[in-house]
C-alpha cells in the first residue's frame, strides 16, 4: 500500500549496503512513496556492488562519499542538489562502525585510535553532514533529517562496546543541531532507535542471536523489522510530523519500556531449570 | 494535502468539544484521510451542541458517554461496532479535567474527593476504555490507540496541579495496557505529549499566556498547533507506525529537549532589567 | 560502622512490618546514626505485633495510622511533634498494596474499586501525608522526605499490575509536592527506586523468584538488599544531600541502566537450549 | 559538621584549579571526612599555582597529568598507589574543556580537530582513566568513581556547544564502564549532574549570568553550590551508597524536573511587559 506521502520530495540516503539494510528498505519505500533521492556510501562499501541494483530500481544516482570527510560531503550535497534540481527535503543517516568491535577488543581494553574512529564514523559524521548542509543551505524549510540509533545509547548491552557511546553521542548531536536547524530554518532532526535488526552490519555483533530472541520475547509486538523501520522513517520525512524534533523515538515493538514480559521470563526460567556450570562462564 | 492514510479504517474519537479541540481537528483530518468513526463526549459537553456540526461534516454519529462509566463505555463500544460494521482500528482519548484546578485549590490544599475525580476522569477512564475494548474484542489486530498527554507528567509546571499527576498515571496506564494489548492482539497503545495548546480546555490553566510565550520561544520550531497534532495523531493511527508502542512521543516543536534557547533567554533577561518588587509575589 | 549522620534529627517512619522490611532496616540504621523517631503502620499491620520489638530496640513510640485517613495522619503528625519535642527532619513513606494483585485479577480484568484503593493506599497517601505536614508546619527547614518506589513506574513487569501505575503516580506526587515544599520551606522530596526485595510484601508478587534471579544477574553489583537501601535512605535524610530534590534515584545495583548483561544472557541462552512447549504458556 | 564518612579511604582528585572549583571543595571536604588522596591537574593548570595551597591544607601530593595521555595516567595511578600505600577507594573526574567554545565558534561552524579535542579531554579521558585503573587493578572492591556532568547532556542550552555532546558521551562512558567495573570488581561508577556553577571554568560560558538567575528561580531549592556538590560527592564515595551505580544523579535543587516555576515565570513575564526590538536579536 502506498500513499504518495513523499510526492515531490527530494532526499539523500546514506548507508544502503545490501537488501537487508534499513537504508535499502527506506530507499525502496521512499521511492514507492514518490520521492527522488541520491544514494551514498563509502567507496569500499560501494565496491560490493549491490547498491547499483537499488539505484536502478529506484531511479537514483549513487555518489560515493566518506562521511567523515568534509570535501566528500560537500561534493555529495552540491551534486545531489544539482541532480535533484534544488534543495533536499530529507536525509537518512544510517552509518556505524567500530574497529574495536571488529578486532574483538573488550571495553576495558580499547585502542583509542579505534575509539576516535568509531566516534568519527558513527557520530561526528552526523554533525559534519549537518554542518555542510547548513553552510550550503541544502535543505528546504520544514525538511527532515533522521539518523538511526539503538537503545545501547541509554542502556548497557554487553558486547556492544564503544558503539554504545557512539550512539549516545549521535543522539546528542541530533538534539544539539536540532535546536540550531529548527531555529534557523524550521528543519527537524530526530533519531530513531530501532530494534536490533539482522542486517549484514548487525550480524557482526557478539551474541546477536540470543539477544534477538530475548528482545523478540520481551517486546509485546516483537522486534521491528527493517521494512517496518523504513515505513516509520518515511513517516518522519513526511509533512505530517513537522513539529517532532530533537527526539529519539523508539521503534522497537515496545522493548524500551519493558522490564520483564511473561514470554521472556518463561524462557529465562527454563534456563534456570538447567543450571550452567559457573566454571564455563567467561567474557 | 491528503494521502488516504486511513482509508477503510474505523475509529472512535473522544473529546471533541469545539473547533479548537485537538480531537475536533483529528476528526476532521481522519475524515479527510478516509476514516469513518464515531464521536463521543459527556452528555454535559454535548449540550454545548457544536459537536453536531462536526458530526455532519465528517459524516459521523455522536454517542454520548461518560468515560468513567463502564456501562456507558460498553454502550459506546458495541454501538460503534454496529454502526461502523465491525471492530475499530483506532481510538483517540482526549480527556482531562480537574475540579481542584477549577476551584483554584492549590496543590498543598487539595480536596481528595476532587483528586480522585481528576484521576478517574483524566487517567482511569483510559484503562476503563481499554479494558472494555479488550473484553468486547473491539479492536482489530494492528489497531492503534492514542491518548493525549502533556509534559507535566515529567516536569512540574506551577499551577498545573493534580492534572500533572493524572497525566503521569495516564502515561503509565498506556505502557501497562500496551504490554497486554500488544502481546494479546498486536494492538499498540501510545501517548502523545503535545505542546500547551490554546483550546477551550487549555485556556483555563493559570498563567497560560506567559507559559505559551515561553514555550514558543524555547521550542526551536515553536509550539505545535492543534492541526499539527491532528496530523501526527493520524500518522500514529496509520499502518506506517505499527511497531511503535508503549511510547510517550513529544509533539512539541522540540521543547522537551530544550534547557534554554537564545530567544527565551533574551526575553527573560529583558525581565531581569526590570526587576519586580518581591513583595508582590504570591501564589 | 556508624557516623552520627542523623545526630539530633527527628523523624517518622512508615511501613515497618517485620524484620525483613526496608522500613524496619531504615529504623534500625537511623537509630544507629543518632536519630529519634516515631514508627507507624496500619492498625491491621500492627496487630502482627513484631513492630513492638523494633520500637523497643530503637527506643521509639508506635502510633497507629491508616495513611489514607487525614485524621489519622493529623494525629500521627501532631503526636510525633509532641513526643519528639518539635518538628521532624525526615519521613520515610514505605507503603504499597493492591487488592487486584492479591485477588489475582489480571491487568485487563481489574476491579475499579480495587484500583482506586491501590492508588489511595500506595500513592495518594503520600500526598495526604505531605499536605498534612505542610498544614501543620511539621517539617524543619532542610528536612527530607523519601518514598520507596520501583522501576515498574517506568517499565512494565508482567504481574506487577496496577501497582506499577501507583508507583508512577507516587513518583509524580513526589515531584509535584517537591516543588511546593522546596519553594516554601526548603524541604526536599525524593523517591528511591529500589531493587526488587524479598520482603514479606514483595514475596507476594507473582513469579518473584525468577525475576530476582534475572535482576541479580543483570545488575553488575547484584540486587540491592534492604540493609543497603536503609543505608542509602539515611544518606538522603542527612545534611549531605540538601540540594537533591524531586528526583527518583535508582538504588538497584545498576539494573535500571542495563539492556543485557553477559551473565543474564548466558542463563537465558541456557533456556533456549531447552525449548518450552508453547502450548504450556498462559498468563 | 563532619562524620568520618571517608575515614581510612584513599583517593585521587582531578580538576582542582582554584578555590572556586568543585574539585577543590571536594578535596577539602574529603579531607575533613578522613580521606587521604593525591591531587592532579594538567601541567598548564598547575602553573597557576593555587593548587599547592590546597595540597598543603589537605596534606596531599600533587601529581601532574594530562588526562588524555595514557602514560601520564599510568604514572598518576601507580604513584598514587605508592604514595597512599595501596589501591584507592575513590576517584573524582572533574574535567572539561572546549576550544570551540573558547574560540567562540558556533555549533554550526565547528572545527573538527577542536571537536575531537573536546571529546578527548572532557569524555574519553574518563575512559582512559578507568581503563588504566582496571589494568593496574588500582581500585579496591566497593570503590567509587564519580565524574561531574551537566544537564546539557540531556537538554540543549544555547551556547554550551560541543561541551553538551561531550557530557552525553561522558555519561555513556560512565554507564558502559560501570557495567564492566561492577561485574568484575564490585566498583561503582556514577556521574553527578550539577547545577550551573560560577567556577572559573563555568564563568566562561556565554550568557552564564542570565542562565544562573533563571536556574536559581526555576529550582525550588535554588542552584546547588560547589560546597554542596562536594558534600554529595563525598556521600557517593562513602560506604553508604554501595549499590548505586551507572547512574547520572541530578544535584541541582530540583531544576531537572521543573517545567516552569512561579518565580521564573514572574520574571519572564516581567520581560514580556518590556518587549524587545526583534531587530536586535542575533546569535
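By written order: A, B, C and D. Residues from 1 in each chain.
In the analysis below, a contact is a pair of C-beta atoms (placed from the backbone, for glycine too) under 8 Å apart; a residue touches a chain by one contact, two chains touch by 3 or more.
All values derive from a computational prediction rather than experimental measurement.
Enquirer: Tell me the fewest steps from subunit B to subunit D, where a step is a jump to a chain it touches.
Expert: 1
Enquirer: Which chain's mean C-alpha position is the greatest distance from subunit B's?
Expert: Computed centres place D farthest from subunit B.
Enquirer: Subunit B to subunit C: how many Å between their CA centres?
Expert: Taking the mean C-alpha position of each chain, the two centres sit 31 Å apart.
Enquirer: Once you find the CA centre of subunit A and the CA centre of subunit C, what distance in Å lies between them?
Expert: A distance of 40 Å separates the two centres.
Enquirer: If you look at subunit D, which of its residues touch at least two other chains?
Expert: In subunit D, the residues touching two or more other chains are 155-156, 158, 175, 178-181, 246, 257-258, 261-263.
Enquirer: Thinking of each chain as a vertex joined to the chains it touches, would you call that graph a line, ring, star, complete, or other?
Expert: Graph shape, chains as nodes and touching pairs as edges: complete.
Enquirer: Given the complex with subunit C, which residues does subunit A contribute to the contact?
Expert: Interface residues on subunit A, with respect to subunit C: 151-152, 154-160, 207, 210-211, 213-214, 257-276, 281, 283.
Enquirer: For the complex, which residues does subunit B have touching subunit A?
Expert: Touching subunit A from subunit B are residues 1, 3-5, 175, 178-183, 186, 188, 195, 219-222, 224-225, 228-229, 231-232, 234-235, 238-247, 249-254, 256-258, 261-263.
Enquirer: What residues on subunit B touch subunit C, complex-wise?
Expert: The touching residues are 70, 106-110, 112, 115-116, 119-120, 124, 127-128, 130-131, 134-135, 153, 155-156, 158, 161-162, 164-165, 167-169, 171-173, 175-181, 184, 246.
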